[in-house]
Every structure is written in structure tokens, then in C-alpha cells.
């Protein structure tokens, strides 16, 4: 039985956590807006000269490597260590992990030095990160075998001692002991740029508000975001408008609307 | 009695001033669009190697410190001095002033070395900049005492010999001798990211067109922007769509619609 | 007689080419979305440490100098040479060519060292690049003489051994041997920021899918983009919403809708 997402949403909006984003150039604006729509407040800061100071004053930190530079890696490490030192939840989004050496190496350094609380990525990123190249080719090539994806999600969570969220047509969330599979959302979410990064921003908003329940905060965030995606898609005018409609729906979500999802989401103990 | 905002809007659109923005990563796109919607043209340029050359060819300059780096501070100083040398109006937006040493120190350096024509910030930023930490805590803690905010706005204007705009539920604009309070706009403007930065872009568009009347150009800009916010909110579909609706309304504003505001806005001599 | 744009659109969407963008801060998000709406996939990467690796794995490369820095010039050269070595089409967008020394010099270096497959710019940029200052002043001053613009487009294509697209109220596309003039689109496209950059992203998507027919791929891209602009303008709610509506229309374009354009577009042999 899941906790009450509806109650969590009410509390999140009351607490209005402040989220520091060190993120990619493509999604700076929409993830700031996604943070607001989720019920939190964003602050973007990237200079090595200020990121530690910022990270210490916030409730959550997002590290998104989508347009990485070596200087940004240093800023992420500094901010991450500062946040870690204060017990502030950190969400890592390893965009394009495996595509270049810079991204792959930076991800490994961030995992080792920053120890993120939550890692959110798509099937390819999480699969590759969990199991090496062969495993991911398997994930992509074998028609996305659900059991294999379950295994990879849990394995990465155990290895990194973090909550791992592998999102896609189905979302898998695990803390290494438990696994939750969420079958919600809409394919339209995959047709816009940055929906994964927006999901990360929403996850950061929830875990910042509920740092003592990272697993369920992550599930609640993805449940809320998926429901917003379904609602937006129901009356969408097209691919270009969908981003704004998704934000509209996320901000307009009522606690009551989350109640039906509470009943349908179950954890599996492992 | 205020000047004719409606006539100013007509002239602004005829003059179509070119505005150079050195701004933050979150709002680059929407402030470029806000500049267009206001009736001006934007050019974004950030490299130290070209900012002086750009600043000398434009009609107005925006310096927005929302995602500051030390390199950007240098570019802002160089562009600011070049613009100052040509008599081109400069608008400073001290985003997050007081939140980090980098931002606080950069703001002081820009004030001293660039001498902006207009400073636009929210109540916290302007209050802190005007009166130090205690004063701002007062602003936030004491239920935003209107007289205290009047005093802080005027004080900063006098000290920096600039027009100061403290925007929020009420906008206060002062050149140190006169104070105008504008009670317009809509709370929806506070729920999106970058509305303050958009206001700055609109202010820059107006002061670039009317460099000899900085106070009233700033008031006219905020009147136009606030009215656009009200109109957008009246038929808004939600928080995500609101940014585009605000731009729609700003671009569609007719000179006639500004006439009623001319009658309701008065300056107070100090 | 033009090739079948409708067939090309079907194939483009099947091939779903991957496009690497090194672009300006203003349009990162909308050109990523424009790439998706065109039927391709975007990847943004800018660090010198990874751009060559990225450029070798993609189907097309965009170099857009809209907010240039010297570091970005180096990244563009490295990525461009890597792409060139693999025979991957490169599209150069010389935003603001002629406005500063940095942009002018970088454009010349990129032309010499990277040898782009396609150069897309507005009348001022292409005119200046083709014919020097006098010529462009002529373009702007003489009421945009169509023959002069034809000549400048063809001349630049011959000199740079590239397809050149001079876009505006009319689009001119030439490979030096042939010239195509496209009279489509809508003035609303000129009132938003980044429509030229979006056009470049669409061109890159098409030439990545059809690297053996750069001229007609460029024409097809601009025909599709112009038609999307017309459709978006027909039911637009305003300047702020238009960007999203343009993306909506581009993504929703059916191959059948391109058929009428096939009949009206003709090449002129030179």
C-alpha cells in the first residue's frame, strides 16, 4: 500500500521547497517552470564561485548532464558535496550517459564523489549504467524485456545505494529493497524535448519535501507528472503546445486526483 | 499627471530600438520574445570579445545576473562601460542579490563601474540593496509595509542616481525626486519563471526609446506589462501557457488601452 | 520539376536522423523541439571535450553562431572537421554575421576550415557574406531588388561550393548551378525570435536524411517549414503563442499537404 500521494502533494505545496538546478542549456527554462508547477521554487546557479553557497541554502539539488562541460562537472561536484554535507537530497539525471566519454566519466565521478539520493534516467541510460553495454543493447534489442528492466533498476539502486527511477512507457522505481512499477503517462510525453528533465525536476521537488521517504517521494512525483501528462494529452493541440499544456496540468493537479493512483500502485519487496 | 503612455507606445514601435541583453540562461528565449512583443528588437551577445562592439551599436543594454559567472561579470562591465560612454541607457536586474557573495559583489561592482540608468528588482532584492539585511528582513517580515518600501525605493534611487523600480503586487518607481506607485498586474505573473526578467526587458525597450525621460519610460513600460498581465490572466489556460499568453497580450496591446492608466497614475514629489 | 517532397517527408520520418546542434543560448530549446517536429532527433553538446565524439555519431550537424564565444568557435571547428571527415552534412547559420568582428571572423574560419554543406541566413547575412558591405547596404536600401538577391545567393553558393539558402519573405536556394525561389510562409514568422534558427534546424533534419540531394532537401525543408508557418498563422492566438503553434503545425504536417508545393516550385538552371 502506497502512502497518501494526495496528502503529500498538499504538504509539498505548503513547504514549497527551494531547488537548485545545475542543468543543461535546453531545459533551463522549462525545468524552472516545472519546478514551480510541481509546487516548489527553482534557483539556477552554475558558477563554481557560488554553487556551494547556493546548494547549502536550498532543499534539493538537481545535477543534469545534458550539455556538460568540464567546468560544469567541477561545479556539480562542489555543489553536490556541499548539499551532501547538509543532508540535502540530490537528484542526478545522467542525460546521454554512454554517448561520450565526458558524460560517462562525469557520471561515474558524480556517483562516487557526490552519492546522489536519486538517479533518474531513461531505459537506455539506466540500463547502460546498471549493466554495461551488453545489457543495454539487450534492453533495446530484445523488445525491452520487463524482467530485465526490473533487474537493472534494482541492481543499480543496490550498487549506488540510491533510489533509481528508470522512466519510459513504464516507470520503474527501486531503492534496492523494493520495486514499484508505474503504468501511467502518455506517449506524447516522449515526443517533446525535455520531458525526462522535467520529470527529474518534479522528482527533486518531491524528494526535497520528503527527504525521509525518498522511494515514495519519487513514486509520488512520477505519478503526479504522469497524470499531468495524461490530462494534457487528452486535450492537446499538438507537439509544440504540449510542453505548456503539461505544465498547465501539473500546476492544476488537485490532491483528490491522485487518490485513484494510490490504490493502483504497489511495491514489490525483493 | 503622467505623460501619454499611448503616444509613447506608438513612438516606441516606430523607433523599434535595438536592445543588447547579457542575461541569465533561464530567460534568454522569453526575454528576447518579450523585447519583440514590447516593440523593440533583441540581440543577445555575451563574449568579452564582442560585447563592447555590440553595446556601442544598440539603443539599450540589459544586465541580468540570474546565472552569473565571473566571466559574465567582466563582459557586463565591458559592455556597460561601452554603453555608458555612448549615453545608451542601461538596465540592471540584480536577480538573487544577497543570495551569494558572487551576486552581491558583482552588483556592487556594476553599480560603481557601470552606473546603470535603471535598476529593476523585486521587493527583496531592491530592499536588501537599499537598506541592508535588516531592512529587507523587515520588508519580508513586517507584512511588506508600504511606507518602508516607498522609502527604500527612493533611497536607492538617490544613492545610485538611477531610476529604481521595485516590482511586485505593487510597483514602485522613483528617480529620487519623484515616486510613482502602480497598482496593476495580476498574481499569475508571479507564478511563472522569468516574469521579473521579462519586465526588465520591457523597461529596457521603453527607456531605449525615451532616454530623456527614464522615470516615465520605466513607468510606462511597467504599466504596459502589467496591463498585458491582466489581460492574459483573464483568459489564461494555466501556469504553463501563461508565459505565451502574456507575450500575446503585450504584443497585441493597443495605444488606446493605455489611456485609462494615464489618468490613474500620479507621481508624488518628494 | 521538383522531387516528391511528400515522399521525402515520409522517408525522413522513417529515418529519424540524429542532429547535433552547437547553437545559441536563445534557441536551444525551440530548435531541439523544431528538430523533433521536423521528424529528426536532436542532441545538444558543446564542450570541446565531447563534440568530435558526438559529431561522428550523428547524421547532421548545425553550427549556429548567435551567441558566440571563442571557446564555442573552437568546438564548432572540431565538431565540423569530425563531421566533414565522416561525410556528415553540416549546416551553418551565420547569425549576426557582420555585426561584430568575432562573428565575421568566426564565419570565415568555419567556411574555410569546416566547409559547410549548407549555409542558411537572412537577406542581410547572406547578402553581406556574398558581396561585402556595399552589396548588402544595396540589398537593404534598394527595396530588396530580387535580381540582386538572386545573384548574391548564387554567387555565395559558387564561391563556397555549398548550398546557400537566403530566407525571408521569399526564400532563395542555390547550389551555384541551379536556383529555386520559394514564395511561401507568413510574416508572423518574422515577428518571433528564432524562426530563422528553427528553419536551420529543419534544413539540417532534411539534409541529414538526404545527404545526396542537398539542394532539394534544403528546398523541401523550407517548403515544409513555410507551409507550417502558414497553417500556424491561420489560427494563431498571437505573437507569444505562435512559436508553439508553428511547432504544432510542423509536427502535424502530412505528406499529402506538400503535394501542391511540388507543382509550384521550379528550379532555374543558371
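To keep things simple, chains are lettered A, B and C as they appear, and every chain counts its residues starting from 1.
Please note the rule applied: a residue touches a chain if its C-beta (ideal position, glycine included) is under 8 Å from a C-beta of that chain, and two chains touch if they have at least 3 such contacts.
The model shown is predicted, which means the values in this text are computed figures rather than measured ones.
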Task: Between the chains shown, work out who touches whom and classify the graph as line, ring, star, complete or other.
output: complete
Rotational angle, Cα trace of chain A fitted to chain B, multiple of 5°: 120
- line: dist(centroid_CA(chain A), centroid_CA(chain C)) in Å evaluates to 34
- prompt: Of all the residues in chain A, which ones touch at least 2 other chains?
  reply: 25, 28-29, 243-244
- line: Residue positions on chain A within touch of chain C in the complex are 24-30, 66-70, 96, 99-103, 191-194, 237-241, 243-244
Interfacial residue positions of chain C with respect to chain A in the complex: 25, 28-29, 32-33, 36-37, 42-47, 49-50, 53-54, 57, 243-252
